[in-house]
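Both complexes shown next keep chain A, but they swap its partner, so chain B is in the first and chain C is in the second.
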Partner chain A sequence: MNLLADVLVILVVLTNLRVLGLSRLSPCIRTVAFQGALLGLLPVLAHLDDMTTRLALQAAASTVIKAAIFPWLLGRALRGTGSQREEEPFVGLTASLAAGVLFLAAAQWIGSRLPHVGQGAPGHMVPTALFTMFVGLFMIVSRRLALTQVLGYLIMENGITTFGLAFAEKQPLLVELGILLDVFMAVFVMGITLFHLNREFDHLDAARMTELRD
Partner chain B sequence: MTPLLVCAAVLVLSGALAAVSGRHARLVGALGAVAGALAGIPPAFLALAGRGPEPLTLAWGLPIGAFSVGLDPLSAFFLVPILALTAAAAVYGTGYLGLRGRGSWFFYNMLTASMVLVTAARDGVLFLFAWEAMSLASYFLVTFEDDQESARQAGLTYLIASHLGTAFLLIMFALLDMGWNPPRTHAAAVFLLALAGFGAKAGFIPLHVWLPDAHPAAPSHVSAVMSGVMIKTGIYGLLRVLTLLGAPPAWWGWLLIAVGSTSGVLGVLLALAQHDLKRLLAYHSVENIGIIALGIGTGLVGTASNSPTVALLGFGGALLHVLNHALFKGLLFLAAGSVLHAAGTRDMERLGGLMKRMPWTGAAFLTGAAAICGLPPLNGFVSEFLIFLGGLTAVTQGRAVCGGVVVGSLALIGGLALACFTKAFGVVFLGGPRSERPANAEEAGPAMLLSMAVLAGACLLIGLSGPFVLRWSLGAVAQASGIPARSLESVLQDALAPLMAVSACGAGLLAAIVALAALRAWLLSGREVRQALTWDCGYAAPTSRMQYTASSFAQPIVSLFAPWLRTRERADGPDGYFPSGARFSTETPDLCREGIYEPAFHWLLKGALRMRVLQHGRVQAYVLYIALTLLVLLGWRLK
Partner chain C sequence: MTALHLPLALAGAPLLKGVINRTKAFYAGRTGQPVLQPYHDLARLLRKGAVYSKTTTWLFRAGPVVSLASTMAAIALLPLGAVPALVSFRGDIVLFAYFLGLGRFFTICAALDTGSAFEGMGASREAWFSALTEPVLLLGLAAMVKLTGELSLTDLAASLGPQAMLEPGGAAILLVAASLAATALAENSRIPFDDPATHLELTMVHEVMVLDHSGPDFGFIEYASSLKLWALGSLVMGVLLPVKTGSQGFDLLAGGSSLAALAVGVGVVESVMARLRLTRVSHYLAGAAAFSVLALMIVQGNP
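Right, the complex of A and B next:
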């Protein structure tokens, strides 16, 4: 792991904080896309010396899906809706940022206590992964709009990917492709669902969908 | 093992093929069932003769358990009625269902295949897989007429009951897997769990509640299979677990005798109070399972008190009753199915006079009824006689209370069963028709009659060849009782001698019946024979409404046992000097259902509804629950 990779990891942390502080939706989507691109680059930079075709292809696929296809799908869903910003989230933006700092501290603490994980990986990979997952979960819990929740899901998935990078340098190709395919299908379905939800209800406010329970 | 695996494969493949063969489904399904029986019965007979195949273990893609199958005398003894009855009922089903219910053939053959696997499995995990497959296949058959609310309800009750039973079995297998420490408590826990888990399938009171709903809801040939052989897999499981537990303490036998006499007496009483023909038969299954439990209980007491004679008579009677009940209850359900098919109703108050329209079905029902009441020369007598003999031997060997309970409850059950089937046969087949459709009923088709004839013939054959059948099942008895076959051989004569007498008397009785029939035919030949109304009562213009109804026939006995039955009467009596109309109806609910399960499930539901505050429809909070749970787990692991 070199200096460049370290910079990328720090950038991932910063993108997380930025997403927490944003209220407009299109910059949110762009930030998550940027985070996806960073994570696509990370393994390439980490293995500049021993590059393989497999690694390159994997990085390329991950980058294309996370940085190009997802933003496009979500942007399309966004254009169909009237709402351009998260009006009144359950947790305000400033409070979200403060919570984000707390998550960062908690992630550092847990990361230092986790046994046998990420040995050989740089010390801050595991805390970053945990932090990203926390932010993703927090986004899902604290935001009203279904679209922001999809973004939260994507961020959480980015955290899992980071965790995978730290945990095992060479995880089986099949597992990685499987996860990628899963996420792709999930976002694909969510994009379509968002589109239809919006057409049916004229809003994407998940908090107002309580009448859908049985 | 190959023939048995071929049998299972034929059943599975023919079931799958039937699912896609459209209008030929019944042909494919029934041919598969018959071919499976032809492939499976010969090896089962070989295994009963002590020349069973070597157990076999095949590759299995799961981390737990093993695909390990075998065929010993105990398995083979249950396998024979399973294959024979499912084949006969499948032939019947082609006529009964006609072109309806094409989808049901898949589940029918799957049910048979899973029952074969249940008896052949030698591994706990494989057994549970087969057991679940059996429950699911039969669930889909119970809900076959899913446009009817009652069938859906019956299916739900059945599904819940069988899964609760399986839950007990899961714990039981886990305990069996854990080893033996401390041995006695451990064995007792396994025995009690087996009794609850297998008892739910077999239908011991109070675990029987699914049975009177599910059997009437299924198509009649499926009712025959479920009642005749599927519930016996519960008995098989119990016996199989007993073989694993070593020498039984006497209180196991006592417990089974208590369970058996409760199920037997209450089962037949509840049957007596029913108006629905198939529901009546379903309660008789509870009764007969009770008789089987009485036999096993007697056998266990015999084993515990080192009396091979009592053990032989008890286990032998129980096993023979398993076989016999499969035959005569199958026959009765098939005959009841023909009645339902022809008259369009199972309500006995609307039937009547069918003997004139459907003589062959009537004869089949009469044969089954005489067999289930334990009348010679039919097969029910042989097995009940053995259990009687076991009880009496126990009395003479100083176990007076145990033997007395067995003999007393068997006698009571037999008498009540006779009353019940007098009612059922008399109301349905004798007298005059009570409504429009029975008056124009048609005799069942050739496929249906053929199956009934085969089963009736088997009932008579076993009734006449009791000693032979007992000797034939000796291997299974030895295995179930845990007593070596050689020491059973030495006391076999105690059982064979009275059975020989029974067979001789039965043959004599049969000869007398044939002779009397011939005499009647000879006396009547050349004379004019007139047919007249049965229920005339001296009136000039009698109507069929003057006959005894099913409820009025049973009323004296039902009122005698009123405290246990809680029959509800709704009377709207005649009023004034010129009464215009009156109505009267009775209904006998299941006491266990109303007294135990409905309150219990009511409270369960109330508690579950309280949990609904957690389910408010906010996705965010749901994710929060998950996140908090994960965090708590993580924190717990890290501390």
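Right, the complex of A and C next:
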């Protein structure tokens, strides 16, 4: 069981690296969806022995929202646009990957300095959570397209979820559902905004929006 | 009965290229050249005379000899599964990496010594690739050292195995195997990093550097490149699938066949993948470096 949870955590790290190195948008969305599914599965695996209905429902809800509804919403926004890839991010893709390696090292270092966090959690939960947050933030500041920035936001939220998993064994149901609802609303609004942005300007390039005048 | 890896490698290395060629031919629907063709090529090259340009110096002649010698020395440090290496001491991992580096350095010097523009370009690309692969190789090996606590390649191979993968941190072994496999393909100038069968000097990386060598010198280079394939291949298979039956003879046989399987794998990769655009190579190697660092992180988290 612990081994399986370990593998899931590693897969989360690998999905982060994959998103950093990808330029086409639809695989990016699929990778983030896969990451969401992994994070939905993680608490189930961690509590296989003391499974409750509440936990199962919670995991199912988070998996459905992150792995099915978000990719559907974003995919719908993407289909309307002409751009299928992130052409010229502010930081190149290879440089992004190199930055990812640095983040990994930094997350490991910071994780090792937080001795009282995440005891009893699978070994690398805390560094992985920190790394996922770093990657999400980095995506938000280093990419041009509004869509990839939304993906960065989602990744950051995934990181926070991972941190929560490592930090507290069981969060109150209301808190958990509240966070999920918040994220859902945010992505819902962002999806609509993307759609309208694209209809108005025929592109999703956030950098070009700074030049807007009336 | 201890150090049988070196003679097996010296005798069997060209066979790997034959296996790769046959696999590629099978995928293309051809019969292909005989599996033993690389041996015939080597014999033919060794019978010929060598031509040296008047503008070259001793560096040009030293290149093939040093690269062959350093690759042989590197293999002397390598175990094959449970078969121990000829020489083994604490820290031979670093020496192994730098034997490969020494051979590469002299190949690059020999290419620059000819003064040809094409060869200079190839040398620059080769130096660039190796600057990217060396950290991947060393970081991956560092992760394995940290996992097993052993500092020599032979002890390292002895403590890896199927049961090591199931212990905490065992996933690191798979990650290191993947990044070492990428390193092996890049170092041996195979697809997707370089195309060994290309016919255009502009697109060559490794092949263009040895264009001016002829006769026995070129035979040395060919033989050294087969040995390098064997060396990095046995490193990958040693991490991924170390075979330990208990009997030296069986171990040797199993190690040799795992390398043949690896050669078939390389042939399949070459048949189904296209060569990467040159600017994407650094991207892929950065990914391999990320694998190595991740492995190191996993191992660090499981003391």
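One rule holds in what follows: the second predicted complex is superposed on the first by the 208 of 214 C-alpha atoms of A that agree within 3 Å, B and C clash if a C-alpha of one lies under 4 Å from a C-alpha of the other, contacts with A are read in each partner's own complex, and residues count from 1 in each chain.
Just so we're on the same page, a residue touches a chain if its C-beta (ideal position, glycine included) is under 8 Å from a C-beta of that chain, and two chains touch if they have at least 3 such contacts.
The model shown is predicted, which means the values in this text are computed figures rather than measured ones.
Novice: Looking at the overlay on chain A, is there a clash between chain B and chain C, or do the two fit?
Specialist: Taken together on chain A, chain C would fit alongside chain B, as the superposition shows.
Novice: Which holds for A:205: it touches chain B only (first), chain C only (second), both, or neither?
Specialist: neither
Novice: Can A:97 be said to touch chain B (first), chain C (second), both, or neither?
Specialist: Only chain C is touched by A:97; chain B is not.
Novice: In the overlaid three-chain picture, which partner chain does A:3 touch, first (chain B) or second (chain C), both, or neither?
Specialist: second
Novice: Once chain A of both complexes is superposed, is A:113 in touch with chain B (first), chain C (second), both, or neither?
Specialist: In the superposition, A:113 touches chain B alone.
Novice: Looking at chain A, does chain B or chain C touch a larger number of its residues?
Specialist: For chain A, the partner with the higher number of touched residues is C.
Novice: Return first, second, both or neither, reflecting whether A:14 touches chain B, chain C, both chains, or no partner chain.
Specialist: Only chain C is touched by A:14; chain B is not.
Novice: Identify the partner contact of A:137: answer first if only chain B is touched, second if only chain C is, both if each is, neither if none is.
Specialist: First partner only.
Novice: Touching A:149 in the superposition: chain B (first), chain C (second), both, neither?
Specialist: A:149 contacts chain B only, not chain C.
Novice: Compute the least Cα distance separating chain B from chain C in the superposition and give it as a whole number of Å.
Specialist: 19
Novice: Contact residues on chain B for chain A in the complex?
Specialist: Residues 615-621, 623-624, 627, 634, 638 of chain B touch chain A in their complex.
Novice: State the interface residues of chain C toward chain A in the complex, per the touch definition above.
Specialist: Those in contact with chain A are residues 166, 168-171, 175, 282-283, 286-287, 289-290, 293-294, 297-298, 300-302.
Novice: Along chain A, where are the residues that touch chain C in the complex?
Specialist: Chain A reaches chain C through residues 2-3, 6-7, 10, 13-14, 17, 21, 93-94, 97-98, 100-101, 104-105, 108, 111-112, 123-124, 127.
Novice: Under the definition above, what is the set of chain A residues touching chain B in their complex?
Specialist: 90, 110, 113-114, 137, 140-144, 149, 206-207, 209-213
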